[in-house]
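In what comes next, chain A is part of two complexes: it sits with chain B in the first one and with chain C in the second one.
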Partner chain A sequence: MSVITKRIFGEFQVRGLSHSYGGVPVLEDCTLDVPRGKLTVLVGPSGCGKTTLINILAGYETSTVGQVLLDERPVAGPGPDRLVVFQEMALFPWMTVEENVNFGCRASGMPAGEMRSRVASVLAKVGLADFRSKYPSQLSGGMQRRAELARAMVNDPKVMILDEPFRGLDAMTRSMMQEFYVGLFEEVGRTNLFVTHDLEEAVFLADRLLIMTYRPGKIREVIDVDLPRPRTFQVMATPRYNEIRQHALELLYEEASKAFAAGSQAAFDLVDGFAKAAGR
Partner chain B sequence: MGISFKRWVTNPDSWGAVASIFGFVLLWYVLTAVLRLPRFDKLPDPVAVVTAWLSPNPPDGLSIFTSVYYMDILYSVVRVLVSFALATVLGVGLGLLLGWSRVFFDYAFPLVETLRPIPPIAWIPLAVLVLPTTEMGVIFITFIAAFFATVLNTLLGVQSIDQVYFRAAKCLGSRPWDVFRHVVIPGSLPAIFTGLQVAMGVAWISLVAGEMISGQAGLGYLIYEDYSNLQFVNIVIGMLTLGLLGYGSSALVRLAGKRLMTWESRRRGVGA
Partner chain C sequence: MSVRGLGPDAGPKAGPDAKAGGDISIREVTKIYDPDGIHVVAVERCSLEIAAGEFLVVVGPSGCGKTSLLNVLAGFEDLTDGEILLDGKPIAAPGRPVEPGSDRIVVFQNGALFPWKTVLENIVYGPMVQRRRELGRARQAARNLLAQVGLEGIEGSYPAELSSGVQRRVEILRALINEPRVMLLDEPFRGLDAVAKSVMHQFLLDLFERTRLTMFFITHDLDEAIFLGDRVVVMTTRPCCPKLVLQVNLPRPRDHRALGDTRFLELKRAALEAVHEEALKAFRAGERELA
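Up next is the complex of A and B:
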């Protein structure tokens, strides 16, 4: 894309980050890097604190313990240098696709001419040029996700943070979106942090795979995914893909069983509590 | 809008409405003119009402051919419009402020919640006492319930906006004023219009109460005066006129809402 310049993208450094809600530690001594120009994927079982971690990176929450640095400067509050693509449908329903996409440009006071050409090129890129005047509710699930990607990309952020962006899509659309997204990444080479609990998705997309532990969350292992780029779905049939996936699966399985055991324990405790309350 | 009379007539959905109105009138006719049940025999039957309503020479002096009828309508309509406009401007403003500022909410909400349940009729004595003209008193009474309905619905509208939109706006670099204009206002519009419809309804209700007690013209006054004169046909004409005006004004509010919220009516598969 000619309009979006390849400027210097950002990198995150997280050092010894801890965070808790009401005394319950969610993140503990969490240290990780999101290196410049790489697609880093964070996987972990449900409830391991992935969303908390990216809320802190995005600046929605602040932590008292540890450091979050973007290009060596501490993160303070949300801002358009780190754009988040949310797991929920976060397009404004009252704005057309075009108004949604140019929202960030209007907020930053970009000149109208530049805004128009940028928005047009990004919409063409995601295949929504003919849908610019539709409202989000008139689009299919896959189109909504592409509009959301466009809304983030058009602002040329230093880092893009994607929080399970393809959740809730049907399997086929999801695969299409993964391939589409990986193509976008390979073209521009922006720093991306992608969060998911789907291991196939994670290995297919990633340059680096961060496996998170179950509560309190920290990084258990960093796996370099040395699969060739550009990636297409054929890569999922290669032995190397399966090797990485198998290794990651074993780690994730251990963490997921901890989560499961904790869930079961909580269920037992609850039943126990009811039984005691009933005097049995 | 844009529904032609022909399409309305040929549309089976509108037959139900016609059938229920016809059924109501028939029941009314049977009770008052055919069965003449005890106590119901004092009520005017629909034929008498319609005949008087459409008569160039009405026996009780009220029909679509008399100027007093239109004077009363005009007075009531203007009072409702003024009160409704005030309730919209002040109510939406206060509701947005309550939803937007936590501090303001903490200060003002308990007061709003204390004043809100006081029925408009209870305000009448003080309104008459304090306000310099009766006209202002009637408008205040019409305004007060509509105002609180608007405030509460606007506040609930702001509170119902999904947090993800605020996060998205902040992340895209919005300043507070942008968030207010592009998230808070459009996000609460559906609830605001629900509130305005309720407000329009309660405005008519309180208007009649106000006009009965302190008015000098208007449909509520007409009904009250004809009650003293035992002109029951005129009372029913006044009631039905109120019903039609209320229906029409609510439809206008709905229409305005549809115009302002194109995104709501253009859902996939529903419209273009």
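Up next is the complex of A and C:
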């Protein structure tokens, strides 16, 4: 992986992006940056349009209003320069770990020798060198997620987009994966866009935290997460971490209130409970 | 509301001095599973004293045996060695038949409400099947409970019509109507987002202030553990026994301001270190097993 230099990492600029499904606006005038070499984390209430935004950045969907630029060029369709790691397991169950990782590489037309050494180094990086001949079903949940990260990393995408990649893992494996992932990021400094609804996870990982509004989604606030790197789990017991988390929670609470105004029963419940708790 | 034993029949007996009991004494408990000769020691010589009206929170790595301990406490499983006393009376000992009782009620982590029953029918289900109360009184009790937590008006709704936060509150009420001395909660707020969780915390704390039931609460969320608990016990990875016991010296009643308290952060730091150490052990052991 020594071929990687910061130069090849990309950056997104999203300007005035709007999108609707059947006349219902999902994103409206959404403007944000995913800067080069930074870990940007997107959080927002359920149904705020996070996944739509990701689909547009990845090129799976197109929008008529606004601009999405990757390194100053408009995004048109999916490409190997942007890889998405999804929340659902996307490994092929009939292929070994190595074959799965190879598969991503093969599409790029790389020479066989280079491909082999690259796959080997990526597998070593995610701690799966000894597991390369196993099938996904023979791995633990944490290993499966690492295999997915390996498959995304092997092509050296300009931007890695991760949509709730640790969802569904048990709490312990999840926190182990967070530490592992943050270590990988810090080592290489790739451009990452990470979507989650777990606030603890968001603050722990992020350089920049983007808080989305309730539908139609746009960026409500950008929080600069100035916690030191390399990050270890201890950071979660620091006053600064607490402060940032609390601030983000308040913003999310306000967005949940808006969802209530829009008639969501879930949000009604939240706001009602919060108001009672706060004695309002 | 100064109701101790918040509930339908909480009448004159309720008051700050009323003693409904709820002392738990876990003595040298060992639980071994032995399916097909594979000897799995889930809990080993675990001792823990829980005072009546204490909010005890248990944290530890996944698969460490916390839930096994809860199952033994609930009477769902027998134990291999040791004994457990509730208010001085044994509720579990080797060779003693397992007997769950309405004195200790379990709230599970997800959706145990009957989807084909209304909220009211769900809540009165326990007392009805146990024929402990006639239907009219049970219904009245359920309505009282709902009103006391501000959920009047949902009696006739089906679980699917409710948000997950309300569903979880109904589950807790369904446990409460049995007037237990102890509530056993196994990650009851797992899967809720940050805002919903904090609403549930406040709900449970209110309930605790009013009822002062003994709480045995399992979680992975350390903020939750410290925010709710009187004591937080960090368990070792399998076999499960207390590794670290933290006294949470934050005043009650608590609200979100407790989260910014320096004592809170000190406790969190200590808990994080201990849990992380055990989690790492568990994680590595898991990977070795697969290699």
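Rule of thumb we're sticking to: the second predicted complex is superposed on the first by the 251 of 280 C-alpha atoms of A that agree within 3 Å, B and C clash if a C-alpha of one lies under 4 Å from a C-alpha of the other, contacts with A are read in each partner's own complex, and residues count from 1 in each chain.
One rule holds in what follows: a contact is a pair of C-beta atoms (placed from the backbone, for glycine too) under 8 Å apart; a residue touches a chain by one contact, two chains touch by 3 or more.
Everything numeric in this text was worked out from a predicted model, so none of it was measured.
*Asks:* So in the superposed three-chain picture, is A:117 touching just chain B, just chain C, both, or none of them (first/second/both/neither)?
*Replies:* Neither chain B nor chain C is touched by A:117.
*Asks:* Look at A:82 in the shared chain and tell me whether it touches chain B only, chain C only, both, or neither; answer first, second, both or neither.
*Replies:* first
*Asks:* May I ask you to decide whether A:46 touches chain B, chain C, both, or neither, giving the answer as first, second, both or neither?
*Replies:* second
*Asks:* Is A:31 contacted by the first partner chain B, the second partner chain C, both or neither?
*Replies:* In the superposition, A:31 contacts neither chain B nor chain C.
*Asks:* So, does A:133 touch the first partner chain B, the second partner chain C, both, or neither?
*Replies:* Once the two structures are laid over each other on A, A:133 reaches no partner at all.
*Asks:* Could you tell me if A:62 is touching chain B, chain C, both of them or neither one (first, second, both, neither)?
*Replies:* Neither partner.
*Asks:* In the overlaid three-chain picture, which partner chain does A:103 touch, first (chain B) or second (chain C), both, or neither?
*Replies:* Only chain B; A:103 stays clear of chain C.
*Asks:* On chain A, which partner touches more residues: chain B or chain C?
*Replies:* If we count touched residues of chain A for both partners, the winner is C.
*Asks:* Counting contacts the way the document defines them, which residues of chain A are shared by the two interfaces, the one with chain B and the one with chain C?
*Replies:* Touching chain B in the first complex and chain C in the second, residues 138-140 of chain A appear in both lists.
*Asks:* Enumerate the contact residues on chain A facing chain C in the complex.
*Replies:* 45-46, 130-131, 134, 138-140, 142-143, 170-173, 175-176, 197-200, 233-234, 236-239, 242-243, 246, 249, 252-253, 256, 265-266, 268-270, 272-274, 276-278
*Asks:* Within their complex, state which residues of chain A touch chain B.
*Replies:* 58, 60, 77-80, 82-84, 86, 88-90, 92-95, 103-104, 106-108, 135-140, 151, 155
*Asks:* Where on chain B is chain A touching in the complex?
*Replies:* The contact residues of chain B facing chain A are 162, 164-165, 167-175, 178, 182-183, 186-187, 189, 261-263, 266-268.
*Asks:* Along chain C, where are the residues that touch chain A in the complex?
*Replies:* On the chain C side, the touching residues are 61-62, 150, 161-166, 190, 193-196, 198-200, 202-203, 206, 220-223, 255-256, 259-260, 262, 265-266, 268-269, 272-273, 276, 279-280, 282-283, 286-287, 290-291.
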